[in-house]
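Read from first to last, the chains carry the letters A, B, C and D; within each, the first residue is number 1.
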Amino acid sequence: MVKTEIKLKGLTLKNPVMTASGTFGYGEEYADFVDLSELGGIIVKGTTLHHREGNPYPRMAETPMGMLNCVGLQNKGVDYFIETIYPRIRHYDTNVIVNVSGSNIDDYVAAAAKIDALDDVPAIELNVSCPNVKQGGMAFGVTCSGIEQVTKAVREVYHKHLMVKLSPNVTNIAEIALAAEAAGADSVSLINTLLGMAIDAETRKPVLSMVTGGLSGACVKPVALRMVWQVSKAVKIPVIGLGGISSATDAIEFLLAGASAIQIGTANFIDPAISGKVAKGIVEYCEKHGVEDVNELVGGLIL
Amino acid sequence: MVKTEIKLKGLTLKNPVMTASGTFGYGEEYADFVDLSELGGIIVKGTTLHHREGNPYPRMAETPMGMLNCVGLQNKGVDYFIETIYPRIRHYDTNVIVNVSGSNIDDYVAAAAKIDALDDVPAIELNVSCPNVKQGGMAFGVTCSGIEQVTKAVREVYHKHLMVKLSPNVTNIAEIALAAEAAGADSVSLINTLLGMAIDAETRKPVLSMVTGGLSGACVKPVALRMVWQVSKAVKIPVIGLGGISSATDAIEFLLAGASAIQIGTANFIDPAISGKVAKGIVEYCEKHGVEDVNELVGGLIL
Amino acid sequence: MKSRYLRLYVYMKAIIDFIIVEKQSFQRAALLKLKSATQLPEIAGGQFANVRVDGCDKAYLRRPISIHDVDYHNNTIDLLIQEKHEGTKKLCALPVGAKLNVVLPLGNGFTMPEKDDNILLVGGGIGIAPLLYFAKTIRKDARPCVSTGVHFLLGGRTQDDLMLLDRFRNEGDVFITTNDGSMGEKGFVTEHSLWNTKKINKIYACGPMPMMKAVAKVAREKGIWCEVSLENQMACGIGACLCCVENTKEGNLCVCKEGPVFNIERLLW
Amino acid sequence: MKSRYLRLYVYMKAIIDFIIVEKQSFQRAALLKLKSATQLPEIAGGQFANVRVDGCDKAYLRRPISIHDVDYHNNTIDLLIQEKHEGTKKLCALPVGAKLNVVLPLGNGFTMPEKDDNILLVGGGIGIAPLLYFAKTIRKDARPCVSTGVHFLLGGRTQDDLMLLDRFRNEGDVFITTNDGSMGEKGFVTEHSLWNTKKINKIYACGPMPMMKAVAKVAREKGIWCEVSLENQMACGIGACLCCVENTKEGNLCVCKEGPVFNIERLLW
């Protein structure tokens, strides 16, 4: 039996596979395809203090082995989440983690404090890296001082596992990760989407309503893997790797690069059963290669 | 007859299609496939003051709709170029542009000064963004002061068209472009490769000898297009767009986003005749859409 | 009523590897019959499938395609696919014997009519696809078929757009318009003479946006209940990504989950 | 001598859309016969083709494949392809009638032997591919064939690796080793008894690295002239990208352009 448990501070994952925020709804949407109890965790859709309608349609453009989105954090707000969604999903036999976003520090803090009170949510993922909202969002994630401020402020009110999600749209991601660590993050997750753009040559217009959007999917994997490697060499807290993971082999590569766990995003759209398959595939890899504990793979890159 | 001529300061392209440095050799390699006289220009392999052996093999990894390389500027040095290669290629009926690299400012300046003396080279492209060399290279391209220093120094000795090639591995590429403009660049070209990485899960080793390498090809197009758009809104000098261009439609998108001309890189490997096809395809697009002069497309994005 | 509850229970979504067992090619479209080795989930008229396009580097995401027909006995579904760009071209070029990975059934179908309804099913171009199976479900519903039968009003630019008319004629009366007059009455569906002669109290429409907007306009003018099936761009197809939203009176709703069928009263157009 | 110059002149590279006209499938390999509608450029033994893999999202770049045979009269080439990962699997799965876009001929072939040479062509695994056509060019060269004929020494792990032996027997004597002894002598090619019995002054080798290194070692020990064909990873295949370099006594050389065939004297191993 391969040991697959990953212990992070205050957060135990039964295996390293989680699903990425904004790509897995609230888990319910995938329940017909995946046994949710076979996942290490589910990170639900970005939640903000107040209701947000998100950006206008069109919000999506297909790109070579990837997609752009400018959803813009459409959600009904943290109170609606607590009252209506949380009761439905709190008893999943997996970690339910809430992705928290805001347009200013007070909003982040207020939303995080409300979620701190939910018994069955062991962690939040602080989204300081969403490229699709005008205020806040990515702005916090691209400077050390921005990330420090918001992480510190949330740290004061949030007492469980605090994961900070990093933007790849920066010159030096290791520096940003160190700032999050210094400000009290329990882990960092990366990458959020790369800022991109699509144009329709026929109409001469941008494809997306917001002109630019976030790039995700298989195409970003090489960049994500590089950043996970750079960050995991720099920080002491665990790193959660994501960006283009579409198979168990991809997941193993992120573990080897230094990720303690991984998230699957866009690949859920291509194969709604992929998260369960990756969890199984990691075990198969370990069996084949005589790895007794998945933790042995973490940072196991041979240079 | 569609007008396709693009006039840049001291550099007239018969059409907006050039080939990207490091992907088109010295043009000779493609002469069986493309009529070089049908191109706006050829940017030859990165040239340094001294001979460089480049990095060890393996230098390449395939990725989803893209590739990583860590060639590391293998070349025989500027003197060899001038003595042996230049005489062979100077009489091409197209612009021969030399891509110049260095590990320190003096080297850049010395190489640029030598090329300034070549009658049949109307421009250089300053490569301050190569991610595959330890010293210099990208380091200059990721800070405003770095790019300012090297551009200023080269500007003093180089009297023809000075194109500065930008790295996409930065938080704010518009800022970097403005620094290049202020320091005397006649144009900026972007993007160079995105820093990425590949791991072989079976051997647990990095695929590339240098661990990381530069990502190019169709997968990077959305990021490149976004950066071209951001930069062309910020600067007054012309912008040369590249990154993943694989068809005439892709090229049109870059023109609409604000590029005055484009370069084709990795796509040359997939179809060695693609550069000529793109040049023809742009004309066909213009004919179909009643565009009389390609310059009308530049920055023609309808918002 | 039992069938209603049954339905709610069985709309379980599945990922199925189908094999193409029959194929009929048209001008720029194809009809594919897909066979599943396992039992099909129950499917409502107007629901859709999300189809993976293997071996097409221009189609990373799945392609949403309406379910044109279902045969529970043989575990087959029919898809009627029009070539648009690379993804649908690749699908239309697939040979018999090819494998097709499909997620289904997705979305909410059309609302079943009541016994006394006078219904009109309006299809434009490839939008005719879901209407066939919907008509079949009406006729096969536990309750007796709507008393006046099923009427189809199908529109195309030319005769070539109107495929498989025999299939439709098997399920009801078929009225036709073409823009060029090459078949049926000349003009748009909304210009057909039946609007003046027939009694209609429920419209179900699927087709290009301008056509659906025109139908909705007619419905509003005449005060007729009307459902339309939207075709917003989708990424996940199951309500997870929020990419496919339609801005409605209730705010942004996912077309893949709350739709694709909407009563026009909910829409802002 | 005329043929020499002629060759230099006609090694023009071309991009050709071939059609697969014949196919033979093996355990985990396939032999494809590709027909061109236009005249083939002249091709030397040991040169390779760079093949685009359409409809495979795991193969963005072309795949270099040796030219196994050429028929200038019918404008066909043969490729012998072994399934490695996705790209070659897709190629091996292509049906007769499929289109294949190929850049050829690339690289420098093997050096033609002289009349009095005693030559041995050593192939391991799929490395046997280029040796067939090379042997044919030797026999068809303007000058009389090497006096002692062509000898092949072909090695595989098992019998299954040794395909198309009849083709090789048509061109010369065939000697065989397999690691498991299922065919020919048991052991590696370098352990075959012919090394002790035959007079050899030129070796041409193609196969997996360990095998080529072993052959090079034997050649050096015995002072025999030896060329090997390398298989470095390639991006462009035409000497433009500098990805495929082999670190040689002359520095980093492009295998696609300066090779794939190298005299072992130039190599660092």
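Keep this in mind: a contact is a pair of C-beta atoms (placed from the backbone, for glycine too) under 8 Å apart; a residue touches a chain by one contact, two chains touch by 3 or more.
Bear in mind the structure is a predicted one, so any value in this text is a computation, not a measurement.
Undergrad: Report the chain whose CA-based centre is farthest from the CA-based centre of chain B.
TA: Between chain B and the rest, the longest centre separation is with C.
Undergrad: Measuring from the mean C-alpha position of chain A to the mean C-alpha position of chain C, what distance in angstrom results?
TA: Chain A and chain C have C-alpha centres separated by 36 Å.
Undergrad: Between chain C and chain D, what is the gap in Å from one C-alpha centre to the other?
TA: From the centre of chain C to the centre of chain D is 55 Å.
Undergrad: How big is the gap, in whole Å, between where the Cα atoms of chain A centre and where those of chain B centre?
TA: So the centroids are 34 Å from each other.
Undergrad: In whole angstrom, how far does the Cα centroid of chain A sit from the Cα centroid of chain D?
TA: Between these chains, centre-to-centre, one finds 48 Å.
Undergrad: Find every residue in chain D that makes contact with two or more other chains and list them.
TA: 57, 60
Undergrad: Quick check: what residues of chain B touch more than one other chain, meaning two or more?
TA: Residues 63-66, 218 of chain B each touch two or more of the other chains.
Undergrad: What graph shape do the protein chains here make by touch: line, ring, star, complete or other?
TA: ring
Undergrad: Please list each pair of chains that are touching.
TA: Applying the touch rule to all chain pairs gives A-B, A-C, B-D, C-D.
Undergrad: Quick one: which bits of chain D touch chain C in the complex? Just the residue numbers, please.
TA: Per the stated touch rule, the residues are 54-57, 60, 90.
Undergrad: Using the touch definition up top, name the residues of chain A that touch chain B in the complex.
TA: 61, 63-66, 68, 142-143, 169-171, 194-199, 201, 203-206, 211-212, 215, 218-223, 225-226, 229, 244, 249, 252-253, 256-257, 285, 300-303
Undergrad: Which residues, counting only chain B, touch chain D once they are in their complex?
TA: 22-25, 29-30, 32-33, 45, 53-54, 56-60, 62-67, 69, 71, 74, 217-218, 266, 268-273
Undergrad: Give every residue of chain C touching chain A within the complex, in rising order.
TA: Chain C reaches chain A through residues 12-15, 52, 57-62, 103, 232-247, 251-252, 257.
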